[in-house]
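Note that the chains are named A, B, C, D, E and F in the order they appear, and that numbering of residues resets to 1 at the start of each chain.
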Amino acid sequence: MRILVVNVNTTAAITHTIAEQARSVAAPGTEIVGLTPRFGAESVEGNFESYMAAIGVMDAVMAYDQPFDAVIQAGYGEHGREGLQELLNVPVVDITEAAASVAMLLGHAYSVVTTLDRTVPLIEDRLRLAGLYQRCASVRASGLAVLELEQDPSRAVAAIVAQAEQAVRDDKAEVICLGCGGMAGLDAMIRESTGVPVVDGVTAAVALAESLVRLGLSTSKVRTYATPRSKRVAGWPLG
Amino acid sequence: MRILVVNVNTTAAITHTIAEQARSVAAPGTEIVGLTPRFGAESVEGNFESYMAAIGVMDAVMAYDQPFDAVIQAGYGEHGREGLQELLNVPVVDITEAAASVAMLLGHAYSVVTTLDRTVPLIEDRLRLAGLYQRCASVRASGLAVLELEQDPSRAVAAIVAQAEQAVRDDKAEVICLGCGGMAGLDAMIRESTGVPVVDGVTAAVALAESLVRLGLSTSKVRTYATPRSKRVAGWPLG
Amino acid sequence: MRILVVNVNTTAAITHTIAEQARSVAAPGTEIVGLTPRFGAESVEGNFESYMAAIGVMDAVMAYDQPFDAVIQAGYGEHGREGLQELLNVPVVDITEAAASVAMLLGHAYSVVTTLDRTVPLIEDRLRLAGLYQRCASVRASGLAVLELEQDPSRAVAAIVAQAEQAVRDDKAEVICLGCGGMAGLDAMIRESTGVPVVDGVTAAVALAESLVRLGLSTSKVRTYATPRSKRVAGWPLG
Amino acid sequence: MRILVVNVNTTAAITHTIAEQARSVAAPGTEIVGLTPRFGAESVEGNFESYMAAIGVMDAVMAYDQPFDAVIQAGYGEHGREGLQELLNVPVVDITEAAASVAMLLGHAYSVVTTLDRTVPLIEDRLRLAGLYQRCASVRASGLAVLELEQDPSRAVAAIVAQAEQAVRDDKAEVICLGCGGMAGLDAMIRESTGVPVVDGVTAAVALAESLVRLGLSTSKVRTYATPRSKRVAGWPLG
Amino acid sequence: MRILVVNVNTTAAITHTIAEQARSVAAPGTEIVGLTPRFGAESVEGNFESYMAAIGVMDAVMAYDQPFDAVIQAGYGEHGREGLQELLNVPVVDITEAAASVAMLLGHAYSVVTTLDRTVPLIEDRLRLAGLYQRCASVRASGLAVLELEQDPSRAVAAIVAQAEQAVRDDKAEVICLGCGGMAGLDAMIRESTGVPVVDGVTAAVALAESLVRLGLSTSKVRTYATPRSKRVAGWPLG
Amino acid sequence: MRILVVNVNTTAAITHTIAEQARSVAAPGTEIVGLTPRFGAESVEGNFESYMAAIGVMDAVMAYDQPFDAVIQAGYGEHGREGLQELLNVPVVDITEAAASVAMLLGHAYSVVTTLDRTVPLIEDRLRLAGLYQRCASVRASGLAVLELEQDPSRAVAAIVAQAEQAVRDDKAEVICLGCGGMAGLDAMIRESTGVPVVDGVTAAVALAESLVRLGLSTSKVRTYATPRSKRVAGWPLG
């Protein structure tokens, strides 16, 4: 089985980290292919960039010329999953939704800990639309940008762990979803400091995508995610 | 005051119709400028096309080199308004939300009548996110595509009026929002046949945009719609 | 165009302030007529007084013997707008709902800052019924009564600004609605101190009322707001 | 114990019927006093009349010069209960809410059957505000006015029974609340024809009011229903 | 009239206290019979124990061989009421729901104060399912276990009163529901310290159960609570 | 990896069918162990039986004396999952929730098709509590009992397919969840007749349970699902 794991930003180093994370849980026989968009921002922290990510991800997937069995959109709180579902016949899994789905199997309420405060409403809105918000205790921000996570991991870790602790103590979260990719060991640290399970969106998405493929299930094409009607499209495909 | 009215598809004829509709209610002294995206589909009827519209509209606005006072995104149920709000300091009004806001001043419940059934969930989701869904009695589709409206107006009118009548009779709508642009006289016909007020999104948006400008109000920049942080963006601006 | 701006209390000085505020944004050609009820309390801060205001406002409007094009009910969180809509064929705009509608065009969440804590549930309930509550971050009270606002403006301003700051910082409001009339310059002070747009209900209502008139729209009469059936009514009209 | 049962309209015959209904279930030792407002409409079927009822009921209660232990507001879906709660220190029970509270003890979902379609949104809104709407399967109207119930009981019964049957069969109601007073035997007929329990608001309210008195409980005065502050009120008390 | 008041745990001393509490408000002529389950835990503080309580209570009621008119399930936030409603033709009242129903007649919002934090989600979930959660300001825990209440009443009282005070001050509760049985005088102390009405679930349930019997109402048997179909059941009735 | 798949009724033949279904999708290396409760009803179709199932399932799992890695509760809409989560340290997956979680990855809205109408509210309530109800288009019943499914498969199939077709056409479901176990080939038939993906709860639960084990995740023990406190329990363990 081949699963495309598509980064939402144009930073190849992050694609690499995400793909490695995906591989760490992939079943034997699952090949993980990391894709980096050629269109969009080096990190995604807001609606303008997130809308570009939607296009960048669709473009990266359509430009991939080998067969594949499922696609994971690996950005937290981003736009675009619905478009991919229209374009493809294989299952599409968004990591925000994957993490929440899995967290809801583990505890009565979950919180998300993410990077910048400005992305909190985006994540809340995506969870709300997905119908996965009712048991969300809170979405909390560490105040550090995506790229800062890479540059100063120890400070990032401390800030994120602090928010996770508050989520468990004040918001009564029983599970933490990690709303930022690419930090080896972060989940272990939060688990240790809070005592609650920590769900990483990328690994959760790999497990769910593999599950759908094994169950022979894919996106329903009868209404919302029907294949786009044939029409003239200017500027597409990109490049 | 200059207001940009941005079509979401690449069909210039529709831009023309929309701009004319806007002009029909604009205050003296308001200049309406119609913009057509150079990126995207000839009509927008689904998520893939709608995400392209988001980018196409932002690109069209950023490429416009004259000063302006407000922007109207003239597509029903489309993505993208949040991105424009980040990029601009002037008010941005989406016609889906404008129509619902105005309808809620006129009756206890409103319905939207739109084109294809596949766009119904997109409209519902946009209204849900906007916090304007509670008093929505229904979103109904006539079953006719955007471009068919232009080609066979009389058949389109009959199908839309029939849905509006059902919305009033069966769903208890007290106001109808027209979820499809560009049909002169359609609102008069529905009003006559149902006896309820009919709200057209484009004209409602013009009135709201002018109102915001006159009140000296624009998008809040403290959190969700803060200006994007400066970073490397591949492929942007388009073209 | 003539718009009646009806105060909800019997204090003529407040009617004067409100009408002046309305005039400050009215379009050229719009005449603002301030009306003071002859029935009800000198200030409205609770349900008993608010129900009297409902009757007082309807009476004041019905007693007005000149033609008019729209009515604004200028009380925050008060009962009565639905009754006016039944009695009249011209549009009716409530300032609580006007402010919320406009605020939702400007930011992801808004807060209301009002006078006494006891009026908070009334405001919340009116917003809930109006279907405008989902994006309300909070309704906060300064703890000062309506008439104290007039008597000690500087203390009132400080208390209100403090609540607005908390709404932005703690409740994540991106827009502030001013839930108390009649304080020149208050909105400028809050804007400066919080950095977010401030919406005044009276001016927002003027813009919306003018918009409805210009769009040729008025209350739907098919169901909830149908004209009252003819029947014997004791004690009405008042006086 | 003395309980005031206050009609919402000015028709004394209906007050008589309601009071008799109340007496039929009152405990030994409970005196039922029926009050008829001197202000308002001969029947209440909409917001204008309902707002007058709010004032009329408060006036009737304040004009009553004997001691009493509880008040029942005997109108379905009417405004005003909150005002009474501010003015009084004894418990206040609204029949719409009483019926819904009791119905929720008897089945998974309940429906209300009422008179005119135009009153349906009022009832829904009152239940929504009261926090009793979640398990409401539907509010259905027989299409007959309040006074027609009195004039042609057999036709009224047939129309109401038909709606109750539809509520059980189509809306999956397991309990019916009778949203119109004064028809002896109507509940028995509906119970027989649908097989579900039928709750009459007046008798339910008597039982609840007696319960509160016996439990030594009354309205909380700390916030929403605090006693009105002392101030000048024009035109009050009425007459 | 005979009402069974069924304890949810196997501690007879608590049954005794609960039954005495019930008797303190029962009408003359009402006989209160306290039942103690023979199956289950000595105190119920979580789902495992609560599910056993559901079975234990049903068993205790079915094993009771005298006629009775109503059943009260006297545990806060426990499972099982729906099963009893299927098995019986007389009304069943759960004290969690009884307290909330009554509280909603007294104030705009209520809070529940209970024992251990781990039971808070159970109570919230039961209120949510019952459709009584909208006006719940908070469910707060004193941190003391059920049996500790019996052992060190003065410490328990202090902890519970402290939470009630916070509920009123911080969560804006206007009524307190006592989510833990058996403490004479506790309600008086909370009322004194907070100034708000205090609702005890057991006494509220007695009043509601008596009310239903007097009104001739019982559980609807048409759908959710229909009598179980006849079938082989292993291990039932218990021992 | 060993997964216990626990039937909720005492009919061993159904346990056999369920276990076979589970094995059909289990990964190589996953051992499926089917357990049949020794307490409870031969089929579960209502709350009384469902509460017995809760106890029967917990008993069956606690009586199992070999190590295991996850538990699946294989009843649609049944009580009990929360109790198991308290008692165990390995993950617990309920098939109702598993099916809904997976369905939400495949379409905008899903419907459940189940057996008897009386079980519909149980399923709706379990989905509501689980926070998975927002995107549920409907829960529909075929009108056939669990054991009839086994006895007359072809009639059962026709009734279930008919409901699935209505769910897609009238309720706008894009995915069907099969709310009844044990019918080989039923999902293929529904898929063919409706054109939408069909999710079987048992196989979905196997995939999710395996996923949780592989991801090293299990139930959070900090609050709701903390291990029960040590106390005296009468009649437990059963037998």
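Methods note: a contact is a pair of C-beta atoms (placed from the backbone, for glycine too) under 8 Å apart; a residue touches a chain by one contact, two chains touch by 3 or more.
Predicted model, so just to flag it, every value in this text is computed and none were measured.
Between chain B and chain C, the least number of touching-chain steps is 1.
The minimal number of chain-to-chain contact steps leading from chain C to chain D is 1.
Mean C-alpha positions place chain E and chain F at a centre distance of 30 Å. Distance between chain centres (mean CA atoms), chain B to chain F: 44 Å. One inter-chain figure worth recording: chain A and chain D are separated by 52 Å, centre to centre, where each centre is the mean of the chain's CA atoms. Counting only residues that touch two or more partner chains, chain A has 108, 121, 172, 223-225. Here chain B touches chain A in the complex through residues 10, 37-43, 45-52, 54-56, 58, 79-80, 82-83, 85-87, 117-118, 121-122, 125, 128-129, 145, 223-226, 228-229, 231-236, 238, going by the rule given at the top. Only residues 25, 27, 91, 93, 97, 101-102, 104-108, 130-135, 168, 172, 174-175, 194-197, 199, 203-204, 207-208, 210-212, 214-215, 217-225 of chain E touch chain D when the two sit together in their complex.
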